[in-house]
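Look for chain A in each of the two complexes below; its partner is chain B in the first and chain C in the second.
Entry: the complex of A and B
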């Protein structure tokens, strides 16, 4: 275990750090960060599961960027393809034969027949043929994933929904990590009354059923996407993450280098931010990934229930399918529900998989020997 | 004039076994300790594990608070600083004067900080200099502890260094504030035998250069002999003998010191193994009875040792302080 030989061969990565003067301090930090990133990437790359997650995230990142490209190049016309206000004015049609004219929609059981009836010219007689405009329309060359009941492009909504998911997931994760590491480290460092009160508060937040609370808050206030991100971040950061990170920080706190910092005269905040937090950071990044998963799923649930005040999201797409009565007709109108549902599943799973891949970096014991 | 004067130092740890954590007694980890360390002097604190050496060291650097007793640090201006009850304005001054080198170089350095950050941390905390002057100081200090050229070590992480190099980093960090007292808690015991001597040589050279006093905690008499001007032998929270290193080792007076010396192996396999004079092992001083602490293991124990409390440290002449009823001045 001990290295008896005191001389070492030079690390090939060191020289590019050398010769750097103090005015380029950030260059040294950058070189060091790059080096540790490279080392971690080597470990991460071996894990196929994590790599798969990363590929899926990359795919969605490209998807989220596409609308900008399409609108800028004129490939997509905003009047048709805008995810909220777009409208397909010339939908595909199906030729039908008039069987019966409904005069009083209230007596008719089939409500959809009545809706159709409004689009049929009055002059038609029973037995005539007519072209019925299809809305929602199935996928075709113009609308790769068809249109929704309001005549809007599904593909465009899906791409914009990816943006919302990334924004929400990452913001929630950052809030989680900031709160979780700070609270966890503070509880571990100070102990006693600080620890007890923070941890009881954490227990309380764990007991609260997240989605139910979000529904209540959504009912009381106009709920924006970033509100949701902050609430999820607080719930997860103050709850489970803080407790896990506290136990990690406790293990770090008893290390002699904390005593060494104290002897050097370090204050509580110096020790927490200079020593404790950097040592619990890997674990907290792991929890950050799991938070993203939870946030994306919660958003889907809330939008589906129609509680979230947002323009486009995957949950909202399914909400529309539900309110328009297409939810239970998955085989006939699959493009209304399957793409959105699959997207939620894929992206939230991808962040979870990346988290699992990072687990190996954080927990050296899991590494293959 | 002495740099540090310790008087009647005591630290008790409550023993609270069982479910309800009721205190059933106290371990007398450090019990009524008196010693002094002169300016530039290096005092060795020697004893078996569990005798209170480390607790003493931690109290000296302020990591533990004594239950009783006083630690006084003599200041350059002739005044005295009461280490046990530091005023807020004295705390910073105290931290700059007393530093510590820890036993395990693998655990005493933050694995996520580079050598530059670890060595420079005390400067950062005390707000000494700006980045440029700090860097110059760090380079200088790294050169002093034998990590040269500094450029090839400054931006390494601890896991890229060997055990000996790490301990050099720890020494650099402890000395960069130019302290007057350094508590070294077995700084070489975790190191490979082949590099111990170079670390000890480095520490004593730097002590002379910078005028640092050491409290050198060790269980190894050979190390103490190499490093220390004087040696204090501890047994169960008590100092049983203090004296000049060579005198004490040549003529140990206390039965425990004699036993310790007899237990040092001679590195010659043809000689018979040493005959250790004492039986049993070191216990824990839980609410000790009013008798000599060493009486159960002492080969010379007499009635007076059981009937009277632990004997005080008495000057037996020639700077030798011994706490034993049976040693008198004539034995010097």
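Entry: the complex of A and C
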């Protein structure tokens, strides 16, 4: 908006007729966008893989919106269902019989008696029955996916985890696109020393193993979700995305309309932001999708390793199962690991699938004969 | 060719210097007086003690002097002393861990590239079959599987349910209780034997790629595999030192199976999909039509005309994938407690052992750089256009 005003004041020679058109430039752009969207949707729809990805993303978007609905309608009570502070006070129980303690440490009964230490009243006699609260509890009507070792609802954590993933993925993707298109277009437009220095930096960033770097930064300094999103965005925006977008911008730069804009007196920033960037945007959207996949996975890995400072995330759910020793008891406590692990896989795969579907729009060569 | 390699080498040296600089300044500009506080282990230390700690760590000097000291020390091989394993220098720990990572990494890399290329080649050849979408989706699924979760499921299946393979770690301490060798000694022997066998095999299959005689090609390819297998068997069964170490080396190898399998499966999907699309593009070229029109057998058109050209983008992707593959290795090591560079990076970061963390990260960076260099050279060898035009 600012730029549009600037260009008009810079060039007082532009006749009024053109000025009136510049006024409604956004209308033209909107109409163009709508038309190209419709055409692209037609191509995208043919590709079943991309559609599948969209369906999965829609599913998770609904999941992420659910807790708000549930809390607002009172279907879920925050005291029980809050993903961080919630606690099931009335967990399902298993009725057990007190038996004599057997001193052989290898027998099953003694192991169980040891586990019960401190959790049952001392007044119990041998032969008495008592109810043992089960935490983590298996799925039932109230907790659709059971509870974790701290008595919190898994389903609620899963839904909030989806929220965190969307937030992280979208923020990282936006940062990537902003940086990637700007750097790529600048390198292509100015060429020379600007191009060389920016591209050497990009070369370096491509080579740095991202997860290793994130582990170092995240481990030595307090690292929050949005920090992570910004760092991932910078790494991918300045690295691979910038290189690909630069080559695209180079192809756009030699088109006649760029020369026309320059002859008409357009400044460098005007040409970059109004002519180069809109034309490399479609390709950058593709890389946006791949960034989301990477971001979701990196976040899950870092939380799984216990390096990220965050409240709810799918990785953190698995980290809890790991630190509490339930990680390998998949048959008995599947709800602690499998839902979270599958969610990470599904959502990151969905964004990747959408990216592949878009690939056919952006690279016409890939379309079916 | 030599000029190309030298140019690349010089670029790599500069990139490495830039990498070290960026790493150092990154750690320097991040907030907090973390080093001094962690070193003293007490936030309420008196100011004099703090001063002394800062002085002893050289943190009171100007930034550029600190940076110069760091660079000079790095190239003298002095990376400081680990805080946790106290008197051990960082270089010694890294020297012990690096080969372990390399072995895991190379074994997985070779397996999955080979398998992914083969699978992609056949998939593209049979385009339009009913299972195509299924295969694409499962390929993407493999590619975007959450690695720790997948590793966990594999451990659960193979180690807990089937009880076939060890859960984690590098060796079984019970077997090694009265072993006459150090674990590292055995491991290095295993490393060299495997490396020589792999080089022989690689050289043979590379020669096979260069010949134009189909029979010679086949002889070279299978001959290389047979030669490598023979040398492997001869060493462990034929030589006296090999016979003694065989049991222990076997134990290490046994612990390696599952991590390599996990890394292979995770990375296989990406290579397969890429080979497939690159093959599909190649198959539309005119020279493929010509080859078919000449009446060449299908296998020849596929392997010698299409697959060779289709290999190029796959190798290019390796340039971009080196960092990703190393990342995968780091995560796999963490899940399997495999005592390599990734595991040391994570454990040192978590326990705030800063010299070790920085050292490990620098060496992971060196690994990535060398990986890039090797792939670049390989690319130059495979694609003559690169050598001739000598692009930037």
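What we mean here is this: the second predicted complex is superposed on the first by the 315 of 369 C-alpha atoms of A that agree within 3 Å, B and C clash if a C-alpha of one lies under 4 Å from a C-alpha of the other, contacts with A are read in each partner's own complex, and residues count from 1 in each chain.
We take it that a residue touches a chain if its C-beta (ideal position, glycine included) is under 8 Å from a C-beta of that chain, and two chains touch if they have at least 3 such contacts.
As the structure is a computational prediction, the values presented were derived from the model and not from experiment.
K.L.:
Given the touch rule stated above, what does A:301 touch, chain B (first), chain C (second), both, or neither?
P.N.:
A:301 contacts chain C only, not chain B.
K.L.:
Could you tell me if A:90 is touching chain B, chain C, both of them or neither one (first, second, both, neither)?
P.N.:
In the superposition, A:90 contacts neither chain B nor chain C.
K.L.:
Please indicate which partner A:349 is in contact with in the superposed arrangement: first for chain B, second for chain C, both, or neither.
P.N.:
Touch status of A:349: second partner only.
K.L.:
Would you sort A:328 into first (chain B), second (chain C), both or neither based on which partner it touches?
P.N.:
A:328 sits against chain C, while chain B stays out of touch.
K.L.:
Which of the two, chain B or chain C, is in touch with more residues of chain A?
P.N.:
Of chain B and chain C, more residues of chain A lie in contact with C.
K.L.:
A:293 contacts which: chain B (first), chain C (second), both, neither?
P.N.:
The answer is second: A:293 touches chain C but not chain B.
K.L.:
Does any part of chain A touch chain B in one structure and chain C in the other, and if so which residues?
P.N.:
none
K.L.:
Can you name the residues of chain B that touch chain A in the complex?
P.N.:
61-63, 91-92, 95-96, 98-100, 102-104, 107-114, 121-122, 125-126, 131-132, 135, 151-152, 155-156, 160-165, 170, 173, 177, 190-192, 194-195, 198
K.L.:
Write out the stretch or stretches of chain A touching chain C in their complex.
P.N.:
48-49, 52, 200, 203-204, 206-213, 215-221, 240, 293, 297, 300-301, 304-307, 318, 327-328, 330-331, 337, 340-342, 344-345, 348-349, 352-353, 356, 365-366, 369
K.L.:
Can you list the chain A residues touching chain B in their complex?
P.N.:
2-6, 8, 10-11, 14, 17-19, 22, 25, 28, 31-32, 255-257, 259-267, 270, 274-275, 278-279
K.L.:
Residues of chain C touching chain A in their complex?
P.N.:
15, 18-19, 22, 26-27, 30-32, 34, 133, 136-137, 140-141, 143-150, 152-153, 155-156, 160-161, 167, 277, 281, 284, 320, 322-324, 326-327, 330-331, 334, 342, 345-346, 349-350, 352, 354, 357-358, 361, 364-365, 368-369, 372
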